Every structure is written in C-alpha cells, then in structure tokens.
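These are the structures, in structure tokens.
After this come two complexes, each holding chain A, first together with chain B and then together with chain C.
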Partner chain A sequence: MPLDAIPVVIAPSGLRAGELSGNAPPLLREIAEMVRRLLASGETSAIDLQALPLTPADLEWLREQLGEGEIAVTLNADGESSLDETACPGVWWITHHNPMGAVVSAFIEVAFVPEVVKAHPEDVVIGLEHLELLISDLS
Partner chain B sequence: MKGPLIETLARHGVTRRTFVKYCATLASMMALPPAAGRAMAEAMAAAPAASKRPSVIWLPFQECTGCTESITRSHSPTLEGLIFDVISLDYQETLMAAAGHQAEEALHAAMAANDGKYLLIVDGSIPLGLDGAYSCIAGKSNLETLKEVAKGAAAIVAMGSCAAYGGLPKANPNPTGAVSVADIIKDKPIINIPGCPPIPAVITGVLAHYLTFGSLPELDKHSRPKAFYGETIHDRCYRRPFYDQGKFAKTFDDEGARKGWCLFELGCKGPVTYNACATVKWNGGVSWPVESGHGCLGCSEPDFWDAGGFYKALSMPADPLKLAAKAAVVGAAAGVAVSFVNRGKKSAAKSAHEKTTLADLEK
Partner chain C sequence: MPLDAIPVVIAPSGLRAGELSGNAPPLLREIAEMVRRLLASGETSAIDLQALPLTPADLEWLREQLGEGEIAVTLNADGESSLDETACPGVWWITHHNPMGAVVSAFIEVAFVPEVVKAHPEDVVIGLEHLELLISDLS
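The block that comes next holds the complex of A and B.
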C-alpha cells in the first residue's frame, strides 16, 4: 500500500503546540517582582514552569526574552540538571532531567546562587575527612 | 539536613543534591509551591525511617494486577525504588518469593508483630455476591480477609479505582456484587489513590508523605490526597490555552488534531477529572494520554466506566470558568445537554456527507 493511501498528513514541524498562548508575558512582571524582593530582603523564590499552562513556544519565547548569562552550571545527580544564569543576573533557568534525559521538572529560580549549587556543611565535613585521609597517606 | 533517611540513601550512593533535586520534582508533581521542595527534603531526611522500617501489607482482591505493574514499572532504579527500600513490604502476592502456606504465614507474622501499626494497601474490589465466593485467597473470601487484616491496620490505602470505588468489576451490571474498601471498612482512616492504574509517583508520593510526617496527607471528598488530585486534568493541561481560544479538534485526524488543539469535543473528561497525569505524566515523564492525542477517560473518578461514553463530549458550559463548580453535575449527566447538539450534527453530517466524529456515532 502506498503511503499516500493513508489519509493522514504529517503536520509541518513546529506547528503542533507551536503557538504562543499569551501566558508567558505576565511572567516577566512576576520575575521582576521576585528580583525586587531578592534585592530588598534577600528572599529567594521560584516559579514552577510545569505548573503553568505554557506551550513549548511560550517557554522558548520566555527563554529568549531572558537571554543567556555568563554562568551555566551542570549538576550530575540522578540525571543531568542544568542551572543557567539568564542575562538578568540573579534569575536562573533550571531544568532537571532524569537518567534517560527526559525533563522531570523545570523552574525559574530567583537567587544570588541557586540553593542546590551550594555545598552542604555536612558534605564539606565528609570532604575534609577525605582530605585528611589523603594527607595521612603522604607520610 | 541530616537524619536516617539521608544516611540510608547515602549508602545507596544517592547524594544530598540528588535528594534535593528529587524533592523539588516531587513537590512540583504534588502541585506544591517550589519552596515546599526544600521543606520536604529536610523533613523526609530527618524521618526515622531507616531504623524501624514501617510494615506494609498489600492485599490483592478483584484486580488485574495493573496497579502493581504500574508501581513496578516506575523506571527503576529510582529514588522511588529506594524509598521503597525504607519500608518493609511484608506481603505482596505478586512480588514476594514465598507462596502458599509460607506466604500466609508471612502475612500473619507481620500482622502479629506490627499490630495496630502496619499500613494496609488494597488493590481490587471486594465481591459480595454468593457470599464472596467470586474471589477467594487461601480458602477465605476477600471480604473475610479484608475484615481480618484491616482490624490491626493503622491506616488503609485503597490503591486504584477498583479498591477506591469498585472500578471495572462494579461496572454495570456488576455481576459479582463488587464494592469498594470504604463500603466495608468504616472504622479506619482510608486514603483512596484511584486511577486505572494510578501514577507510580502518586503511589510513592503518598508513601513518602506517610514516612515524612507519620500521617496521611490532606484528602478531598472522595478521600483522595489533595496534593495529587487537587486540580483537574483540564486546569493543568498544556492544551488548555487552545480551549480558552476555542480551538478544538473535531475528529482524530483533522487539522486541529494535528496541531494539538483541545480534545474537549472528542469526549475528553479532563474538565471533570481530578488527577495528576497532566503534570506527572507517564512512563517516567515521557507522555500522557492527551499528549499522545487521546482525550482523558476520567479513570480516577467514581464509576468512570459507566459515565456515558468515552467519546461523548461533556455538556458544553455557558461559562468555561464555572466548569469546575459544575463538575459533579456534569459528570453525572455527561453528555445529556450535548446529546441534542450531537444528534443534530449527526443528521447534518449525514446529509452533507461530512466526516462524523466518534462522539456523533455514539449518540
């Protein structure tokens, strides 16, 4: 049977859900408010991008608007996570992937440094113990 | 952030950052604000889980094992799997190595050792017809077993739509006289996790909550955890903007369907269905029914099988924003108001030789 006998046409790529819903622009105001709070009180905050009705095109638009910053952090923990600073310092675009590479959650975090990047004192203690072990092996 | 759980996880090679990431994702799934992820990470890490693993007994009744399939197919090895390591699953017919008398011994040993403290998970409905003869395990009817095991349980989790509502066995004409757990047990806290099957992360999420806080999460009117069943599929659907713009797929192969428009007119039950598929998704977050082009069947709502047809559109509300408030009524009378519209469409389509939708055919 030839393919054209099937009455289904493949949609041009990018057309599916490729429309702007109009839900992204208001987020810029919300992010601005979050940045003001960060400056005023040091309070960090985040937006759960999967909790909002945003199309892939919306996310692309938002990402483009926020631009690319100077720092991109990659976290390798149960799959890769990217924590990218946007062109607006203090505004981070965070995407968590599972080991298969699928996106499991995505956030915009407003903070001087994203929480998960900082080393936890308990882990630093373990690191110090390891260092001391290395030093004791030297002699 | 320190405690037995984080130490258990560390022994499994799970770092603190992995755990923080997991909790952030879990909070997102549970529709909690992002800040709750950190609070959960701290509370869960400190939970006294590792030292005394809570006993869990899982009873299967009139079921298809789909619920067990769901949880065991949660792309292992994952943190969900590890959290399962911190409970003691003392009886689960499908997963346990023991069989026959040994299995029954394990059940009674766990019941005696943890009297009043174990968590009972039930999947499947309970048949009352012919004195329960339709489904028996070890020579006892499901009704007898449930009553006996429920007596010493701290709480009961009714897993899947069959245990929560009666499910498919209860569908008309209900030949076995199937009922839900809550129809029989009245004196224990019962938490319903409906779905056909429920999402694996919802199952582990409820268990995580139980481990974290030692109590069951907040429940809605159908005894479902609000965290996962607090919002409709429709409210969380990525196709929702198309609904708001009035862009609907009319058949499964038209331009609208290819462009990923709203499936409301093809019978999607998203607006009256409370579940987390739109955010948590399936198969490790790969996709979910609406994303693969089919409307929601409403499987986490009572009697979804008899709700009037999977391809019949819900009654069209005058004001879309009031839909949620009308949900219960709409669910009961699904399609009544549109039946006239559909009937009209059917004859109009016939006369004009246009494409007829599945919804038209059902009327």
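The block that comes next holds the complex of A and C.
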C-alpha cells in the first residue's frame, strides 16, 4: 500500500495538541504492512511523520504502542539525530534536530538497520587513507 | 594476517597502567588490514582487546589514534553496551558492561554496521505478531 493510500483524516484545524485525531491507528496497520514487506523482500521504507496530520497526542499514542526497544543510536552531524529501535524490532523511531536542538524531521523507518547507521564504502576508503597516514607516521 | 600473527610483545609484568607496552601500534596495522578486507569482500572481523597484553595507556593511545566518529549506539540488554564509531568509518569501538556496570568485554569490530545493531529476522517476525495483536485489539 503506498503511503498516500493510508486512509488518514485531515485533522480539524480546531483540534488541540492533547487530542487524538484518529489518524494514528491506521498508521499501525501501515507499519505492519511495511514490516511484512521487509521480511518478504528486504524492502525498507519510511513514514514522514511531519507530512501527516498528526497531533502531539497522536505521536505520543503511536510511540507508546510501538514501545521501547533495546537499541538507541545517536548521530552527531550538523545537529543530533536519535534513531531508537521500538519494541518491534525492525521498526525505528527517528528524530533529526538542527544544531540549535529543534526537531526538523521525524520518521518511522522500517529496516533491519537504519540507512544512516551504515558506514558508506566511500567513507571507509577515506578512513583507511587516514589510518594509513597514521601508520606511516609511526615508522 | 590472522590475529595470532600480530607481532605483539608480552607486556612485562612490571609494566604500570600508565605505561605504553609497544603492543598498540601493530594493532593499527592489523585494523587497516581488516578495513581493506571489508572493502574488498565485505568480510567483517573483530579484535578482542582483552585477549591482548594491552595496558590502559595502550588502549587510550589506540582510541585516541582512531578518533571519534559521528555515530554512537547504546544497547541495553542484560547490561549496557556502547558501540561507538571511530573517526575511521567502519571501525567500531565496542564495550560491553554487566548489569552492575563493570566492563566485561571490549572489541574493535570492523564492519559497515556492528552485527548486534541489526534486527534479526526471527525477532522482526515476533515483533510483527505483537503489532498484529495490537491492531486486532483496535478493531
């Protein structure tokens, strides 16, 4: 099911932060579908939580439903990002902050490991060159 | 080069914690070789730091040489583990603690991502079942 097919209801503009819009429960079904795809084909996917009409109460409900996992990743690059495994392995709650600490984006990523945690081969090559330089300085 | 081929010198028993044994620099060469293998074939490998005659000063020197990376992972399962990327991407400094907080093991792992950070498919299946139960409770 593509993301734009999620039957979300546009939150009434009068909805308060503490109120549930009714948009979060369908997301749980979408996440389950994403996990099935991950298991079936290894396909990873993500939901941009800021692109959906969710209230803070919706997000809190969703996070509580997904629970807390064993792994928490912190990425410090031009602002801090937290990538927290939920109690459903393979479902990660990701929040990116700007250098001032404000949340700039929030995602649910369904993957065996979030993409940004993996070292990229081109960066490993650069690191190896640095390491070789260190070693040549030793001798 | 297999680990037992590293030309380590057995630290004299009289060596103090703050002294360098001379065993750390050869490890840098071994790590560079491990990184080359990772890039060439995707083969991951690890060095058990407690199995080598290294003083605290050696470990400190090694950690300083490898530098600090952007990613820090915390794993909470029967004691806390920290898996910190070094400034050489693909080289991770891993410390496992027991529930009382004492260090029980320390490794350098060379991998695009440390093995324990990846969700295992069998755990993802269990998480999906939990998610499906949550969903069936909603309707």
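By our rule, the second predicted complex is superposed on the first by the 123 of 139 C-alpha atoms of A that agree within 3 Å, B and C clash if a C-alpha of one lies under 4 Å from a C-alpha of the other, contacts with A are read in each partner's own complex, and residues count from 1 in each chain.
We take it that a residue touches a chain if its C-beta (ideal position, glycine included) is under 8 Å from a C-beta of that chain, and two chains touch if they have at least 3 such contacts.
Quick caveat: nothing in here was measured; it's all calculated off a predicted structure.
> Considering only the touch criterion stated at the top, classify A:L138 as touching first (chain B), second (chain C), both, or neither.
So A:L138 only meets chain C here.
> For A:G127, is the partner it touches chain B (first), chain C (second), both, or none of the two (neither)?
second
> One more residue to check, A:P25. First (chain B), second (chain C), both or neither?
Only chain C; A:P25 stays clear of chain B.
> Identify the partner contact of A:E33: answer first if only chain B is touched, second if only chain C is, both if each is, neither if none is.
Neither partner.
> Under the stated touch criterion, which partner chain does A:A51 make contact with: chain B (first), chain C (second), both, or neither?
It touches chain B, and chain C stays clear.
> For A:A72, using the defined touch cut-off, is the partner it touches chain B, chain C, both, or neither? Pick first, second, both or neither.
A:A72 sits against chain C, while chain B stays out of touch.
> First (chain B), second (chain C), both or neither: which does A:A87 touch?
Only chain C is touched by A:A87; chain B is not.
> On chain A, which stretch or stretches are contacted by chain B in one complex as well as by chain C in the other?
In chain A, residues 75, 77, 120, 123 are touched by chain B and also by chain C.
> Taking the touch rule as given, give the residues of chain C at its contact with chain A in the complex, in rising order.
Against chain A, the touching part of chain C is residues 25, 28-29, 31-32, 35-36, 38-39, 65, 70-77, 85-91, 111-113, 117-121, 123-128, 130-132, 134-135, 138.
> Which residues, counting only chain B, touch chain A once they are in their complex?
1-2, 14-18, 20-22, 24-25, 28-29, 31, 33-35, 38, 75, 78-79, 236-241, 244-245, 253, 258-260, 279, 284-286
> Inside the complex, what are the residues of chain A that reach chain B?
So the residues of chain A in touch with chain B come to 7-9, 11, 15-17, 19, 21-23, 45-48, 50-51, 53-55, 75, 77-78, 81, 96, 98, 100, 102-105, 107, 109, 115-116, 120, 122-123.
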